[in-house]
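Read the structure below first, then the notes.
Letters are used for the chains, namely A, B, C, D, E, F, G and H, taken in the order the chains are written, and counting of residues starts over at 1 for each.
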């Protein structure tokens, strides 16, 4: 064991809560790493950060990080986060959610947080299924995929998380994956350092459920799939269509600089209280 | 009184339920007319039609039409409709909702119905506020507008219903308004005659609440606003940008022919039951 | 002040909510207890509007009106619907602009809306004319209390207009009282037809 | 069959659910009552796995195990965690591939996983080898009942493999029993160290 | 009012008006709530608001049966005879 | 194994490796769950899976401190000394 | 064809038995959202229903799920959903709507440790009062609590039948122990099963009243698309289903809603009694605790001590009269529950001061053991 | 500055008084979703709060609203939401979460006619049992029911104070009559109001336990961003807030959750008694019905008949002991409620068979009149 623990441990509840609960090879831990590194490189004070989550494997993350941490009800992370951010705008609010959490039961909250441009960074670990409850399909399960509730293959079309939050009004929308982890680090850092509502979709393997049900092999095989089946938006633009077809595009899709809700609200208060004083 | 009642009365619960509950000049009745005319020209059997709604002024519509009618809970019309359509695919399901009903509390159901491409026609009467509860803001209230909960003007950005349902996957997405009623008739008819999930946003005045709060005058004035502040998509394309700026675009934005959920499910059943028989 | 139930009824947009608040405010300035309730519900959607005010010197327990002392009916529908609720000793004030079929009992009628349009060029202060007449007829409170109440309840921008309307109504009310006290019995018995002369006088 | 509690414990992916279902199915074919419960909860997430089976001739009322008759421990953690739950008269079957520290009591050990890899080229049938040995050692049911149970519980594609693994385990089990009944006392007392000779025999 | 073809009206339409004497447009007063929409947007000023706060057909002869009044009436209180409304034919003076 | 600069490595990096003898990459076995990710994607095959189902540093001298192993370890069980991981520097053999 | 292994003997899980019971009842439509410990119900039906052309859907959440099955039921499909604690809370508005609009459906709530997210994989009986009172306003409740896998199967069928017969939602509430355990189950033959057919009116179309007032309070119900066109609303409505605020119509609706249950307690009531008459001490229990009570009774019998057991299978409506009749004369009633005290309030309500009502509450996520009950009984004897 | 007309006498609506009471309590954050008959609370706060820099937001639904105020409260804002029936049902999951995680907040539920959409603009008291049992799992409940506009103001302040003191949601439940009526209200002077300050721990950062076990069961609570970093989860948790399934930790949490209420009934209990001791007939009532009871008492007094009135202001926790002590000796207790019988079950539970408990239920959307009560009283006298 190394004498000096890695810097990242500063951000973890390392002594009491590790090893964590996630399965071997689960991608959630890698996303947690990206978040930790982004925060470290931003130099944020741990006291100022609130990590809020819903329910699911991904949503267990707050247990492990040494910030202010809030593990809420299924799908409602953004609503809790909205309240916390409004009550204490100094908090840097980071919502960590699964694909089911954010897009199934929580779908309404994410489009409204996008519309309001609420000053929260939403990090969605998209493992294409409900990991925690044993691998049912989620709104991001690809057509044809097998899950415990699509034994004959998924027949519903899936959401493009990035398209949807973009249409709903989010300030920053990007997709990364846990194989391309340096890229993901950058995306998360970008997202965290902005204002308004920011969405990061991080593709990650769930070998235990999705991987097994779809015979995608172990974690390493699933990482290879991410390596081979995704393509960076810049690269994609250079390549002819047939080379990019069927590949999931990574990269930053929206990077607006619209004024966030918190600032709008502050301005409203300033304006009306000034009017009243007059 | 004319000896012969207009054909439309065939579709109305005219004897018992009229005059209806809506305020003088409320646009909802005009949308109801479009629906009736579209159905008449499609020659549908009244027994085959299910009109389902949520809660709100708009959602009172099912009382007045002589179909199978279902007035549900606030925001859930599409979920109820989904169940009814699945249990009895012969029903032509028509969901009539307000902007609050469909986009605030019901936002999740509309994006999921869009994603699934569920075979329902959603008609949203967008009067830019919660009419029924006395004119609070809704997710479609324009910035700056006054409502009973934005006494100092709306500070939140609003949804573009058409953009959002398009991104979520709806088969058909169009916007009309009650001034341009012939166009609206056509849009509604188109929507009804398709398959998969179809969305019609119908702009309509709520003179009692939105109109009064924003000093837009009476129903006639509000109709004039619709006349002057909207523009057909075909026209808009022809005009230079400065002429269309600030105008709301009417017309058909999406007209896909993706296979709807009901058909997909039928195919699934056929496939798996065939496999089992083998 | 003895326990009194007053109902102000008409259609949405006739300003009966404001009228009720003025009456209640007057009661408060008078040191009385007051309890105001309003109609909600579908009928309130651009349709009927009803404001009930109970005034009393003792605490008001049950908040709803059961036997009206006064009914102000600003349209035919309310006159019809609520007339049976008016006590034997109670009276009606009706807007004859809209009410043709007078209820039976002691009725004061006056074309509030027509007069509002005629005198002020808009129908919007019919309610204040009516309240003015009501103030005079009811004798509940002194005039200053009423005007103070109006000052508290009405937005500044509309205050003058409202006060003028109220005063006009009050003047007409006082005139009626003079008549009653003098020559003609204006307090008709229930069941008795309304004397044509009086009707003409009011609707001049 | 007398009331017996059996726990099959190890880690996720070792196929103890299937083992439990085979055992239960055998009990059913035997005409016994059976009740199977499983661990759920966070520890089931890729971590620990536990299947409890109660078999009895009479209806089984309380469904949870309290005093184990048999513990099959497929890893060290389960051996440690549950050994105290095993009755004085009960016994252990452990996978010596993973279990170094044997529990105290009557322990049968065998490197199920190693053997599975060795003989079948994959670790996936360690569970069936273990069940085979369990079948022999427990003497609960006749062999045909077990094989019928496997036929019912295992998907066709994997049936042969599973049957072979089961038979191998059963064979080894019978051999142990012969030894016990003959020369060497295999049923060690609690507290007594495990005779080296036997360990070697099993891990050949 | 003039019986001559109204400007912008085709010959046939004018003839139609000529032939049938009964007014083509009817208001059902029990349902009319007096919003004024039909009056304001009738391309031919056929209608007027009455003192009773209801719409009235004042110049039936000018009516071109475009049925816009019926389509826009939120109360289903307007009836235009003939089938024009059903077919969605836009005869004249349609929408801007 | 060869002490020569590995193909694709810059001179400095090789020197760095030369200078510090202590292995730059460490695995914390208590946390390693043996998923094999670090092993599979180490650009220099520094790591191997042990019989104990944990990753082990087998060829520390080959390590280029790209920290990809640490970044991709879902368990925070890998530590690469130096600050490279913090800064997100991609030294060599990075992602495809 | 139906997916039910008629006549066979199998190892079956409680949740599986619920799913198979639904298939046996001819379920047409299932809509749900996964949640531990009820998930298997949905998963098994997802596998079986498409095979026989029945409709299955996973909705975006629990609110959508209950909404969908109400829609499905009104459109003529026998409908069910399954959930647990948090999902059950989310379904309350929809449940209340179904009660008000008198829509038959089956709602399965497999009870886990609460409150809130609580102990998701562990057992509790913490939703018993919620099942009665969880939605706003007065509303009827029929709630059944199985104690073994066989009952999971049978009571699911009964739930479908009662839903049909009473035109109301019926809630089936296995606790986690019952939902997750596997037992030997011999399925009946198909012809042994009694399934109440869906009602349909036979009056002429114009005569049809969706809420016709009948002697039982329930009348045959038409479905959307059948040619009987009717209106349904959660607003208080008249016999045709149209909103009303008329006092007499409101009262008549509300009375019927209540009385269709209270007047037919005979049909609904279902108690398992063991030695109640002859015992001075009675254990009053339900769900998985009943099993422990039976075990405790046996243990005590060996010590020549007698306790009775009163177990309501239908827990709501509560068997008021029977409890009063049979238990008001006892010395002690022990009420063991996997919660902090819920049904015990009803027992207290119905018994006099002379009867000692002793709680035994366990709420740590584990089952009450026979030994705990034995100890409790010995203490009061 | 606070928007409260301190010291003035005004005509004030019940809902308005709630909003002003919240302002008087120093509300920092309101999140809500409009619904009749509670809407005015939100509307008035939307007008007042931005003027003083306080945070107000209209969320996308009621679930988001309660979620937001829980987040807001944890982040240090005094928080409130307001709703009615259907919204209250939707809030149950969140409410249970707040109970479990011990988050202070005020939830106003202005009761309208149910079940379901029911009679949205009319009066009822149909959510009384739901307020106690509406969420899954055992959870604490503190519920206050005002009877006049002044109480709307005062009890809102009390609700904020109790929420703080007990670290739990407090539910304020005016019925529609009380929420919508306007009365004369003389506001107190600012200094007359007693507002419990938000707690904050003073232990060193490392010592802080978010759920420290104290004598009262409640310990000072830190807020997000204060430097005390802690974890909050709806899973059953240890004293630090981290999930646990250890039996002793689970039991200790659950016991504390219950006992922090039951052990301090003295603080919570609040009854208005009128001639209870000297009367053989007592009217047990709450909310707007209390007014009718007072009126009935006066009418009866004129006829030289005596009835007592027992009115709990805090309806949950129910005043068990006082009811038993004071009412178990009476001849008749009349329990008038604007529902089909809810609180009456508690009265029945606590009184012996010798006491006649007579229901008087009205559920047609209208208030119980004094005359109805007089008639009921005369009948039993």
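Definition applied: contacts are C-beta pairs under 8 Å (C-beta built on N, C-alpha and C of every residue); 3 or more make two chains touch, one makes a residue touch a chain.
No experiment lies behind these values; they were computed from the predicted model shown.
Asks: Which chains, if any, touch chain F and chain H both?
Replies: Common neighbours, chain F/chain H: A.
Asks: Steps needed, at minimum, to get from chain E to chain F via touching chains?
Replies: Shortest path length, in steps: 3.
Asks: When the centre of a chain is set as the mean of its C-alpha atoms, what distance in Å lies between chain A and chain B?
Replies: Using C-alpha averages as centres, the distance is 33 Å.
Asks: Quick one: chain E and chain G, Cα centre-to-centre, how many Å?
Replies: Result: the chain centres lie 60 Å from each other.
Asks: Any idea how many Å lie between the Cα centroids of chain C and chain G?
Replies: Centres of chain C and chain G (C-alpha means) sit 57 Å apart.
Asks: Whole-Å distance, chain C centre to chain F centre, using C-alpha means?
Replies: Each chain's C-alpha centroid was found; their separation is 89 Å.
Asks: Residues of chain C that contact two or more other chains, please.
Replies: 41-42
Asks: If I count partner chains per residue in chain H, which residues reach a count of at least 2?
Replies: Residues 36, 50, 60-61, 63, 86, 93, 97, 116-117, 120, 122, 233-235, 243, 245.
Asks: Going by the contact rule already set, what residues in chain E reach two or more other chains?
Replies: Nothing qualifies.
Asks: Show me the residue ranges of chain B that touch chain E in the complex, using the header's touch definition.
Replies: Touch residues, chain B against chain E: 1-2, 4-9, 12, 14, 18-20, 22-30, 32-34, 37, 40-41, 178-183, 185-186, 207, 218-220, 223-224, 227.
Asks: So in the complex, which bits of chain B are touching chain G?
Replies: 16-17, 46-48, 50, 52, 62-63, 66-73, 76, 79-88, 90-91, 108-109, 112, 265, 268-269, 272-273, 276
Asks: Where on chain B is chain H touching in the complex?
Replies: Residues in contact with chain H: 55, 71, 73-75, 104-105, 107, 130, 133-134, 136-137, 139, 148-152.
Asks: Where on chain G is chain H touching in the complex?
Replies: 63, 85-86, 88-90, 92-93, 96-97, 99-101, 113-120, 122, 124, 126-127, 129-130, 132-139, 233-236, 245, 247, 250-251, 254, 257-258, 339-342, 345, 348-349, 352-353, 363-366
Asks: Hey, which residues of chain B end up touching chain A in the complex?
Replies: Touch list, chain B to chain A: 104-105, 107-108, 111-112, 115-117, 139, 152-153, 155-160, 163-164, 166-169, 258, 261, 264-265, 267-268, 271-272.
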